[in-house]
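The two complexes that follow have chain A in common; it is paired with chain B in the first and with chain C in the second.
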Partner chain A sequence: MKKLWHLREFSTVVILLLEILFFTWWLWPEGSRPHPFFNAGNFLLILKYSSIYGIAAVGAAIVIISGGIDLAPGAVMALAGVVGAQLFVVGGWPLAPAMAAGVLVGFASGLLTSGLIVAIRLPPFIATLGVMGITRGLAFIITEGQYFDVSSRLVGGWRPFGLPADWVAPIILLVLAVIFQILMTAFQWGRSVFAVGGNETAALFSGIAVPWVKTSVYVISGALAAVSGIVLVLVQGQGKADLATGYELDIIASSVVGGASLAGGRGSVIGAVLGTLIFGVLRNALPQIPGATFYDRLIVGLVVIVIVVVDQLLLKKRA
Partner chain B sequence: MRKALLGVAVAAAAMVAGCSGGGGETPKGPEKLRFMIIPKALDIPVFNYAKLGAERQAKEYGNVEILWNAPASADQLKQKEILESAITQRVDGIAISSLNGDFLTETINKAIDAGIPVTTWDSDAPKSKRYAFYGVDDYASGRIIGEQAVKLLGGKGKVAIITSVGASNLQRRLDGIKEVLATAPGIQIVETYDIKEDSVRCAELMASGTSRYPDLAAWLSTGGWPVFTRNATATVDPAKTKVISFDTIQPALDLLREGKVAVLVGQKYFGWGSESVKLLYDIKHGKMPSMPIIDSGVDVVTKENVDDYVAKWKKMESGS
Partner chain C sequence: MPSTAGLQFRDVSRSFGAVRALRGVSFDVVEGEAHGLMGENGAGKSTLLKILAGIVQPDAGEIHWRGERLHLGSPRDALERGIGMVYQEMLCFENLTVAGNIFAGREITRGGRLRHAEMRERTRALLDELHIPISPDAPADSLSTAYRQLLQVARALAFECRILVLDEPTTSLTDAETDHLFAVLERLKARGTTLLYVSHRLPEVFRLCDRITVLRDGAYVETCARRDVTPDHVVRAMVGRDLPPRTSAFYAARDPRPALAVDGLGRRPRFTNISLTVNEGEIVALFGLVGSGRSELLETIFGLYRPEAGRVRVGGREIHVSSPRAAVAAGITLVPEERQRQGLFFNLTVRHNLVLPDRTLRGGLLVRTAEERRAAQTLVDTWRIKTAGVEVPPDSLSGGNQQKIVVAKWLATSPKVILLDEPTKGVDVGAKFEIHEIIRREAARGAGCLVASSDLPEVLALADRIIVMREGVIQGQLSGAGATEESVMRLATHKGAA
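Take a look at the complex of A and B:
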């Protein structure tokens, strides 16, 4: 079993590398000009923007592995960002506590979601659909159609811990991905998440506290979505109610491309992060091909289908 | 926020009262004109100035009430639903910024047939029977952006254009830009980016485009996405690359002052609201608009006149 997970991540890495190779070849510059795609600055850019999706995708993958689904991340991102930005810009709070308050919003929405799923027994699809509406709605009520301009208060070399600001998002992503990958693979809690997703009844009979496992995954998903929202505000310089509209689908797609099965019991945190990078490279490189900007929706859709179909075929072969 | 919630509660109560009344009787108060002003969406910051303009004009007349109503975010079907509800609610006039003019044409005509005057602002529905349109001539304002670019670049260099595919007014601005650039053989359009109305995507594309084309001479934008946040233009070196963009909502003017942005083309944001209310008020009092298309003109703002512009803006915002 364990070997299989490793194999699956291996194939995601291969797809990512092939993608990078392809665009490096396709966008090869004439003469001695620097390569427009294959350069350190551009990779940092891809990492920075992919982090916005990637952090939330870590949470989404855990929820999907547990057999659930979370449709709220995009809206939670917007609400957490709006709350953090409002406290920072209007409330005059220092940056760190303002953004921490934003993350608390994610915890709260995660608790609400798990309450609806565990206590009221709503299907996750419905519960998170409701929470998506509530959180997006709150973001609109707080902003009243305006936005909070974080960039004008963060003006000039903002260097958290002495690091360039562009590195912050990728580092947060990396740290969280490593922590949750370890939690999911080396700890009892992680194995419980897989067990609940694989067969809930069996998990219950084997003594796993299923309600607690479910509560934990939705709270984690909410909190990580909120961290994504804070990262988005810092990258974008703006807290706005309509930011990250529709991102939940990109986030779910990243987890699935990274090997998570919507049937539950299968997937990985690292896979989800690799999935967001696969999309991040596409988002970055496609518009560099003249005229391709109008095709990228179509190509992204095709890529999702092709990768998942290939994954299914490989899985059948191995089984 | 509390006021908004109260508003929702009152509206809900009014609906319940209306339903239980059954006969659609409206309470007779002093003769107030109820105008519904419909922007494209509630989440687009520029429209808040239109709201301010409309409310101020209404206050000046004294007997006009403004109903400000729109979908939370741009959604054509929801906007049509709101327009239909304005007809069934028998408002005294409607002024709308169309998300999709052709899609709304039939409903606008239905309102006019029902005796409710309709005007459009910012984004027209040219095939409808609307009394008048107030706003920029998009094609002409696109040409202005093109002319500014040709002038700034001395007629040569690589430019990249930012737009969002789908909205007809942005398409006309794009046509205007491209037509002028075509007259300058030394200017090459390296790419027209579709940012899909997502300002995060705009920032990402400007960053990757800047590294892709190190010798880029200008970014031209049909909308304000590059200048609504400081971060989108952060990677642009203004000494090498000029940014020419639509819209003048902050922090755009600060960016202009600091030299990050070269030229901004501002619309008559307050006028969208105040002129629409004036038009409807006149129509209700038997005075028809002199022409169907009222060109609001644009403000071309550069480093030279930005201080004047800001002073004028502040005056309009405070209403003094």
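Take a look at the complex of A and C:
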């Protein structure tokens, strides 16, 4: 128990559970009607939509731990999504290669970002702001403003690996989160990421290949954003250029709520995933509260601040 | 000299924790004279200046000016009393213009609005007076180092300044630039401004100052008139303390094999044409004062900077280090000067900090926690690092123990060449002794150790051979056995001495 208390993710889990308890109580239905929030179907819905943010948040958390920032995930999601959708719908490609091509787009944008940061030495904020504009712009140029209707080409009852379609996103997230959590904690590469984020000069002096570490984190972030873009297209059934607009800020906020420090060197992949679930529950439950429609963005903003402040207080207490 | 005029320090003391930076220092500065303040690193010069600038308050003692006691509670108090400061590290607002810099924090306003025209005019008059040919509207970041330094002088003089204090103002200036600065200072002296000039460069002090006060280990040693003393006298006054007993056997290689050979290495303006050899098992000290280029030389050998010229050989084989990673792979390690900035990861545990260079060097994919814990515990025991365990963050350790981590983690890689930059800066005597022991043990193992230091007793106690650097060139070599503080200091401060 003591060890649990010292785990950084502990408080995030507690917040998530408190949040679920709160909405279960607040939205308790009258009489014998089914609970609108606390039911299996709704939880699957929350999981499905949170996973789209979560996959990209895994990459964002790694970038933030390395001391950087990535503003491009939302735009990369859109570009990867429309490239995949266009190849699938217009190009007539089979589903798997079309989607793989979309993921390659994410790799490419990650390489571009790391080139700007490592070779040209742009600050990450500026580099990724630029890449955000480029990728979003390319998405509009490619689509010329049209929709690609993916759902009509997906045969009814599409069951990848024999699973119901709703489960695809959560399972991809689970697999990626576990892989990257292990890479970050049990592998030399992960420790290099923490070292670069904690003290870049000391990392350089320690013989760590700092440029290579930076390149790797932005490529991973780009690729994971692309995966989540593909998943978003499959879930929504259509590819369009304004997909995932503004997601980058929610993704960064999820990582921070999950314990990542924007100063670098602290955070975790699991924390970022838990952070997206906290937001997922909010996004799902708030619209169900009568009269709260216009308040949900405000509440989400307040929640970010409160969680981070409470976390810092707890951190001091635990130290 | 029992006078009431001028600037008088009376029994000024100040401690930082257990360190007594100043112990009852008393001396007088006559109004209108140029007074040199000299001492080694750590002699208390900077603390005294900070007290005069109102940055630090004395624990005891008084400062009088023209017979009146000064209460300097803040930098603003000092400025209002007419005390202007020119610091070693230049405090320049690179984003402002020359005029903006001069009036920064003390802008001329009317009704809250900045009077740009008036400030420009007064800046122009001031620059003309000092014969500084720059425009008031020039952006500060377009100025050379020398003009930035002169800008600091101008800034100090922009408001009535009766005492101008200069702390090592020529550290980053060339000879010609120093001449210009000195011409300006001579004019100020002629005008009646009292100058307090802090430096450990003897020729400059002897050129400018009428009288010289020497501090040593926080205590006043003497004040002498320039015309009565020789530079050697002042050097002896600066260093004349009992030497700590030498504890190491001298290195005596029958068959010296070079571990590190540097040939004609240069990276201007930091250093030029550096050639030196460090043999296996030998401890070579690289002595030089701040700004002599010793840190930059080590960092260049370590691959942080690309040299313009020259070769580096390790164990007789020429290496081309383009990055610290390549240097580590070639068997060179650097224990950096600023351990907080360059050596420690405060977000990682003591274990991670201790094993990181070794694990990085060996490659490998996985983090082997159990093996690392053993390795880290061994290092903690070997170097007697006082820590609550290997899984705590390094900021829970004392400064000396943090320093030991930085040293120990590097030595865990068993390097052939160890470069150490001020390895005992800011640590207490006990930890200093242990770090010296570690260096000797590494040398006994066969590593070539090159220790950059500005700490004379350390250099004399540790080194088999001493190489003295000044202003980016090697001034000479001394054998550890024959060297004295005077002979080393003379090489480090005199031009053209042998």
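Here, the second predicted complex is superposed on the first by the 311 of 319 C-alpha atoms of A that agree within 3 Å, B and C clash if a C-alpha of one lies under 4 Å from a C-alpha of the other, contacts with A are read in each partner's own complex, and residues count from 1 in each chain.
We adopt the following convention: a residue touches a chain if its C-beta (ideal position, glycine included) is under 8 Å from a C-beta of that chain, and two chains touch if they have at least 3 such contacts.
These numbers were taken from a predicted model, which means no experiment stands behind them.
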Room on chain A for both chain B and chain C (clash or fit): fit
Contacts of A:Ala186 with chain B and chain C, given as first, second, both or neither: second
Touching partner for A:Leu243 - first (chain B), second (chain C), both, neither: first
Touched partner set for A:Thr201, first chain B, second chain C, both or neither: second
First, second, both or neither for A:Gln288, with chain B first and chain C second: first
Comparing the two partners chain B and chain C, which touches a greater set of residues in chain A: B
Chain B versus chain C as contact partner of A:Val235, first or second or both or neither: first
Which of chain B and chain C A:Gly265 touches, first, second, both or neither: second
Partner chain in contact with A:Pro36 - chain B first, chain C second, else both or neither: first
Touched partner set for A:Ile120, first chain B, second chain C, both or neither: neither
C-alpha centroid angle, chain C to chain B via chain A, nearest 10°: 120
Which superposed partner A:Phe140 touches (first chain B, second chain C, both, neither): first
Three-chain overlay, closest Cα atoms of chain B and chain C, distance in Å: 32
Interface residues, chain A side, partner chain B - complex: 34, 36-37, 39, 41-42, 45, 49, 52, 140-147, 149, 151-152, 155, 232, 235-238, 240-245, 283-284, 287-288, 290, 293-294
Residues on chain A engaged by chain C in the complex (per definition of touch): 185-192, 194-195, 197-199, 201-209, 264-266
Parts of chain B lying in touch with chain A, wherever the complex brings them together: 1, 4-5, 42-45, 47-48, 72-73, 165, 190-194, 198-201, 203-205, 207-209, 211-214, 228-231, 250-251, 254
Residues of chain C touching chain A in the complex: 302, 304, 323-325, 327-329, 334, 336, 341-348, 352, 356-357, 359-361, 363-367
